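To start, the structure itself, in C-alpha cells.
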Amino acid sequence: MAHAYVPEIAVDREGNEHIVQGWQDDFYGGKLGFWLFMLTEVMMFGGMFLALAYYNTLHPQEFLEASASLNRLLGGTNTVILLVSALTMGLGLLKMRAGDVKGAKLMIWATILLATIFLVIKGFEWSAEYHHGIFLMHGEMLPESTMAFGKKLFFGMYFTMTGLHGVHIIIGIGLMLWLLKRINANKVNPQHYILYFNIALYWDIVHLIWVFVFPYYYMMGAATGGTSGH
Amino acid sequence: MSKTYFDETHCAIGHPKSTFMQWMLTIDHKRIGIMYAAVMFTFFFVAVATAFLMRLELFAPGQQYIDGNTFNQAFTLHGVIMIFLFIVPGIPAIFGNIVMPLMIGAKDVSFPRLNWFTFWLYILGCIIAISSLWVGNGFADTGWTFYAPYSLTTGTNVIFTLVAAFVLGMASILTGLNFLVTIHRLRAPGMTFFKMPLFVWGIYATAWIQLLATPVVGITLILAIMEKYFGIGIFDPAKGGDPVLFEHLFWIYSHPAVYLMILPAFGIMSEIIPVFSRREIFGYRTIALSSASIAGIGYLVWGHHLYTSGMADIAKTVFSFLTFFVAIPTGIKFYDWIATMYKGKIVLATPMLWALGTIITFAIGGLTGVTIAMIGVDIHLQDTYYTVAHFHYAMLGGVVFLLFAGLHYWFPLVTGRMYNEPRAKIAFYLNFIGFNLLWFPMFIAGYLGMPRRYFDYLPEFQIYHQASFIGAVIFIAGLVYMFYVLIQGWVKGPKVGVNPWRATTLEWHLPSSPPPLENHSKVPYVDFDPYEYYHGEPVVKFDENMRRID
Amino acid sequence: MGIKTTVNYQEEKAVYFKVLAGLLLLTAITFIQPHLFMAQSTFMAQMLIAVIKAWLIVMYYMHLKGEKLIGAMVIFALLLVLVFFVIVIGIDVSHFQFKGESYITEPITTGVTQSATPTHH
Amino acid sequence: MSNSLQGFDVRAATFAADVEQAFWVNFWISIVLFLSVVAPMIYFAWKYNANKVKNEDVENVTHNTALEIAWTLIPTAMLMVLFYYGYTSMQVLRTMPAESESIVVKVEGLKWQWRYEYPANANGHIHKIGGAFQKPKIDDKGKVIEKGTMGITALYVPVNTNVILEMSAPKNDVIHSFFVPAFRMKEDVVPGRTTKQWFNATEVGEYDIECAEYCGTDHSYMYSRLVVLPQKEYDAWFNSAEDTPKGNFTKTGDALLQRHGCTQCHSILTDEMKIGPSLKTRLSKEQVLHVIEKGQNKLGYDMGAMPAGLATGTDAQEIAAYVAGGLKGEKPASFAACTACHGEDGRGMGGLSPDLVGYDATLLGHVFKNGKEGMIGRMPAFPEIPEDEISAIAKYLENIGK
C-alpha cells in the first residue's frame, strides 16, 4: 500500500464518531483470514489421520510392526530440525518487528537452510526404504506382493502423508524466498509485516503437523522391540 | 447521471482501458457476482440439457436415443455440474458477493484480490471439468458420488473430474474464508451480530461449512488420485482398503454441503418474507441461531447416506437419531416465517410467490428427507427414485426456487430496472406446476421399487416416467420464459429508483441504482434492527450523509 | 489499526527460547518414553506428549494466547475433528461387522509376516 | 399389468409389514406437519392480503413464548416417534436368526450378475446357480459374438423358512446392492467385506431382485429373480442334482417380454389389440384370411413362401375360424390344404413352417430375426435376443394360453 489509507467515520444520532473498518490495511483481518486458512489444513490432515486411524483399528498388530521398522533416528533428527527452524522463523519475525530488517533476513535464510536439510534427510530415508523394497509402486507395495494388508496400508499412508508434508515444506521454502523479495522491495517492513506474520504462522503449522506425524508413524511401535531401524 | 458499477471499476492489476479487460480483472464484488451468475447460467443449461436427455431416454423402457454408457455419463455430468459448478457455489458466489457487503455497509469484501483469484480458480475448475468431455476416454461415468472402487477402476476420465472437483473445492473454501473475515471485520459500526440481516447469517453459517467441510472432500479426492496413480490401496479392497471409508469421507463433506446449499437460500427467504409482509420478522434470534445450529448439527449426520453400506448397525442408529435433530431448527424457521405473515399486509409480488411456493415444495422435500432418515424405511428406499425425488424437491424446489426468488427480488438493485410483473407471475406458475408434475410421480415410482441410475426399467414404471417427462417439458418451458422475462426487463424495463420494494436493509439505501463503485457514499451507524416496519412502512430513513432522520 | 510498533524484544526472545527448551525436552521424553512409562500404551503416551507440544507451539509460537475469537474458532475445528474420530473410529470401525469373514481383515495366511519386515544387511 | 411383476406393492416377507407400518406412521405425521405449515400460510396469504389490509392494522408480533415452545417440542416428540419406528423396523431387518435354524446361501454380486451357492445337500451336491441377465455381446454390424443369458436360474428358497444371505463381491469388483422390493430389504455387497441379510418369505411366488448400487454399464440389467417354493418342491429340488426345480417357474419369460418392451405393442394377458396382436391368442380370423388370400413370405422359414390362394371362399372362412379358435373343435376338411406344411396338428412340423397354435421358439426366432411386416403394421426385428431367452418367452406364452 503505497498511499496511506484514511478510514471513514460514521456518525450516530447522538453525533458520536465511529471509525469504519475498511478492507485496506486490516492487520487483524489478515491474521484472522490466515488462521481460517490454517483450519482448513487441520481438517485436511485430520481427514488423513482419520483414514490412518481407521486402518489402525482394523490391523493394530501389523501397524505396530510396520512402525517398528521405520528409522527413528532420522525421524528424530528431523523433528529437532523443524523445532529449531520454528525458532529461527519466530526470532526473525521478532527482529523484523523490532526494526532489525537485516537480522530478520538472516533468520529467514537460516530457516530455509534448515528446511532444506529436512528435505535431504527425508530423501535419504525414502531412498533407504526404496532399497528395502518398500516404496510406492515398487517391491513389497505392488499389488501382487504378499505383504500383509495392515503393513501395506501403513506404508501407503506413510508415503502419502510425509509426502504431502514434504510438499508443504517445499511450498514453505518458496514462500520464504518470496518474502525475502518483498522485504528487499520494502513491501514488507517493520510497519507492514502481515505477510511475514502469516508465513511464520504457516511455518508453525507445518511444524505442528509433524509433531503428530512423527509419533504416529515412528514412535508407535517403539515399544514392540525392533531396534530403531537399520 | 452518476456513475454506476457498470461504468467504472477497480482492477487486480493496473488500470486497463478496454471494457473487456476491466471486467476480466475487476475486483469489485458486484461485478464478480454478476460474472459468476453468467457462467453458472451457461453451465446450468448444459446440465438441464443432460437432464432433459435423461428424461427423454426414460420416457419408455428399453433403449431410445442413447446407450447405457452415455446415460451413465449423462447423469454424472448432470450431477457434477449441478452440484459442484452450480448449486454449491451458487447463492454465496452470486448473492453473497453482490449483496452481502452491501447489507453490512462494506465497500467490498475483506480480500478483493483473493475474490478475483477465486473467481478465476472457479473458472479453471469448470474448464477442467468440461474439458474431460473431449480429453481422454470421455466424461466420468461414476455418478457425482465417485464411489470407490468403481471410480478407481472405470476407464473413463475420472481423474479430470476429481481434479476439477478439488479445484472447485479450493474456490469454495476461499470464498467462505473471504466472507467469514468480511462479516467479522467489515460490518458497519454499531451493527452487532444480532443486527445483521438474516441473509448475512445464512452466508455466515454457510461459510463455516465451506471452510471446514470442503477440505475433507479435498483430501478424499487427493487420496483417490494418489490411489489411481501410485497404487496405494486406501480404498481398493484388492489391496486391503475399505470402500466404506471412502463413503464416510465423501459424505463427511457432502452432507454438510447440502446445508451449505440451503442455508443461504433460507437467508433469501428470511429477507423476502418480512419485506412483502410489510412487518417485522417473527423470532429474529431463533431464525439466526437455527441457521447456526443446522450448520453445526449438519456435521454429525452424514451416515444417513450409509444405512445400507455395510456400516455397523449401532452407527446407523446413532446417525439416524442425530439426523432428526436437523429437522427441528428447520421446522422452527418455517414456523417463524409463517408467523411473520400473521397480521401483516401481504403483497403477492413475484419474489413472494416464489418464496411461498418454496415453502410448499421444500416442506415436501424436507419431510420426505425425514422419511428416509428412518433407518428401516430407508433400507427400502435407499438408492431408489424416492431419494432422487427427495433431493430434487430439496435442491430444486428449495435452493433453486429461492435463488429465483432472490433473482427477482434483487433484480432492481442489480440492474436499476424492473421486469414485467404479470409475465413473471405466469413464469412462476408454469414452473411450479411443471416442477411438481416432474418430481412428484417419482416418489411413487421409488416407493414401488424403481432404483436410481437405471438406464432401462421394468414397464410398470413407465406411467410415472411419462408423467414426469411432461412435467419436465412444462418446467423447462417455464424456465426459458422466466429468463426471457428477466432479460427483457434488463434491456427495456422501466427504471425504478433505489428502493422499489420499500425494504429496510442497508442494500436498499444506496446513493444510486444500480449502485456506484464503492457502494454507500457514507457508511451509516447501525443502531436499528434489520426489519423495522411500523404500520406497514419502513421506519428507518437516512439523509444524504447516511445519518438517521426518523 | 492494529499495527504494533513497539516490541519488547528481549522479553519475547526469552519466551521463544524457553519454549524451545520445553519442546526439546518433550522430544527427548518421546524417545525414552517406551522405556520409561506407559510402555503398554505407547500410542496414548506419544499422543499425549504431542498434544502438549502442540499446545506450546500454538500458544507461544503462534501467539494464540489472549486471542479469544481465533481461539474459539480453533477449538471449534478441533472439536469437529474429534467428533469425526469418535463416530468413525469409536462407533463404526470398532464395531466392524462380520470381521472374521471379510477379505480385507481376514487373518494372514502363509508366512507373509516375515517377508514384510525389510531384511537387514 | 401382468401377474408376475406384482412384487412391488406386495409384502412377501415377515418384516415387510414392520417397514410398511413405519412408513405409514411417517406418512401421516408428515401430512400433519405439512399442513401445520402450509395451511396457515395459505390462509394468511388470503386473509392478510394487501388489498384487504389497511396500514394501521398491521401489527408487529415478534414473540410468543408459548407458541414457540409448542412448535419446538411437539415436532420433536413426533420425530422421536419416527426414530423409534425407524429403529425397531431396522432391528427386525438386521437381527440375524441363528444359522442352525436357517438356510445360509452365499450370494456373490459381480459385474453384472448374481450368483448363488447353497450348502451341500444330502448327496453332497452343491448347487451353484450362476448368473442373472447378461446382455449378449454384439459387434458393430449387429452380429452376436457372444450369447447373453437371462437367468432362467434364480435364487430358490422355501416358504416360511429363515434364509440368511452371506454376500460378497470379488475383491477386484465394485459395490453392488442386493435389493428385493417386495421384501423391503437391501444391503450393499461390498468387495473386501462380507455383509449379510436375512428374510423369511411368507408367500410362494416370484419376486424381483435388483441391483441398487450403481455399478457401471449394465447396472440396470443386473437383475435376477427370487423364487419362493412350497417346502416340498424346494426339498425335492434341493436334494436333487438339477439346476432348476421341476415345475413351472418360468415367468422369467414375462420379465423378458416386459424388459424388451414387447408390451408396448402387445397385450399378453388379454385379447386386446394394441399396435400388434395380443400374444394371448395366436391369430385372429382376419389375419388368417389375409394370409390365405395374399400368401406370405415374411418370416424367413427355410421352406420359403406360403403361396397365395390355397383356399378360397367359404373354405377359407372355415379354415380361418378354425385356426383363430386355436384348432379346437372339429377339424374342417378344407384344412387339408394346410396340413402339408403346417402338419396335421397345425404345429408347423417341428419348425419347418410356422406354428399355427402357439408361439413356439422357432416362430419367435424368425420373427425376432426378421421382424414382420403384416397386415396391421410393421414389427421391428430384435436380432440381439439370444436363444435361451426366446425359449423362455415361448414357454411362457405357451403357459398363458392355457
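As written, the chains take the letters A, B, C and D, and residue 1 is the first residue of each chain.
By definition in this document, a contact is a pair of C-beta atoms (placed from the backbone, for glycine too) under 8 Å apart; a residue touches a chain by one contact, two chains touch by 3 or more.
Computed from a predicted model, the values in this text were never measured in an experiment.
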State which chain is most central when centres are taken as means of Cα atoms.
-> B
Express in whole angstrom the distance between the two chain centres, defined as the mean CA positions of subunit A and subunit D.
-> 58
Inter-centroid spacing, subunit B versus subunit A (mean Cα positions, whole Å) | 34
Report the inter-chain centroid distance for subunit C and subunit D in whole angstrom, where each centroid is the mean of the CA atoms.
-> 56
Please list all residues of subunit B that touch 2 or more other chains.
-> 184, 212, 237-238, 240-242, 248, 252, 310, 313
Using the touch rule from the top of the page, what residues of subunit C touch 2 or more other chains?
-> 69, 77, 80, 84, 88, 93, 96-97, 103-104
Identify all positions of subunit D at which a residue touches two or more other chains, and write them in rising order.
-> 171, 191-193, 195
Which chains touch, pair by pair?
-> A-B, A-C, B-C, B-D, C-D
Using the touch definition up top, name the residues of subunit C that touch subunit B in the complex.
-> 69, 76-77, 80, 83-84, 87-88, 91-93, 95-97, 103-104
Mind listing the subunit D positions that touch subunit B in their complex?
-> 1, 5, 7-9, 18-19, 22-23, 26-27, 30, 33-34, 37-38, 40-41, 44-45, 48-50, 53, 55-64, 67-68, 71-72, 75-76, 79-80, 82-83, 85-94, 171-175, 177, 179, 181-182, 184-188, 190-193, 195, 208, 210-221, 255, 258-261, 263-264
For the complex, which residues does subunit B have touching subunit A?
-> 105-112, 173, 177-178, 180-182, 184-186, 188-190, 211-216, 218-220, 222-223, 226, 230-234, 238-242, 245, 248-249, 252, 522-525, 527, 545-548
What does subunit C use to touch subunit D in their complex?
-> 97-98, 101-104
Going by the contact rule at the top, pick out the subunit A residues touching subunit B in the complex.
-> 8, 10-13, 18-23, 26, 28-29, 32-33, 36-37, 39-41, 43-48, 50-51, 54-55, 58, 136-137, 141-143, 149-150, 152-153, 156-157, 159-160, 164
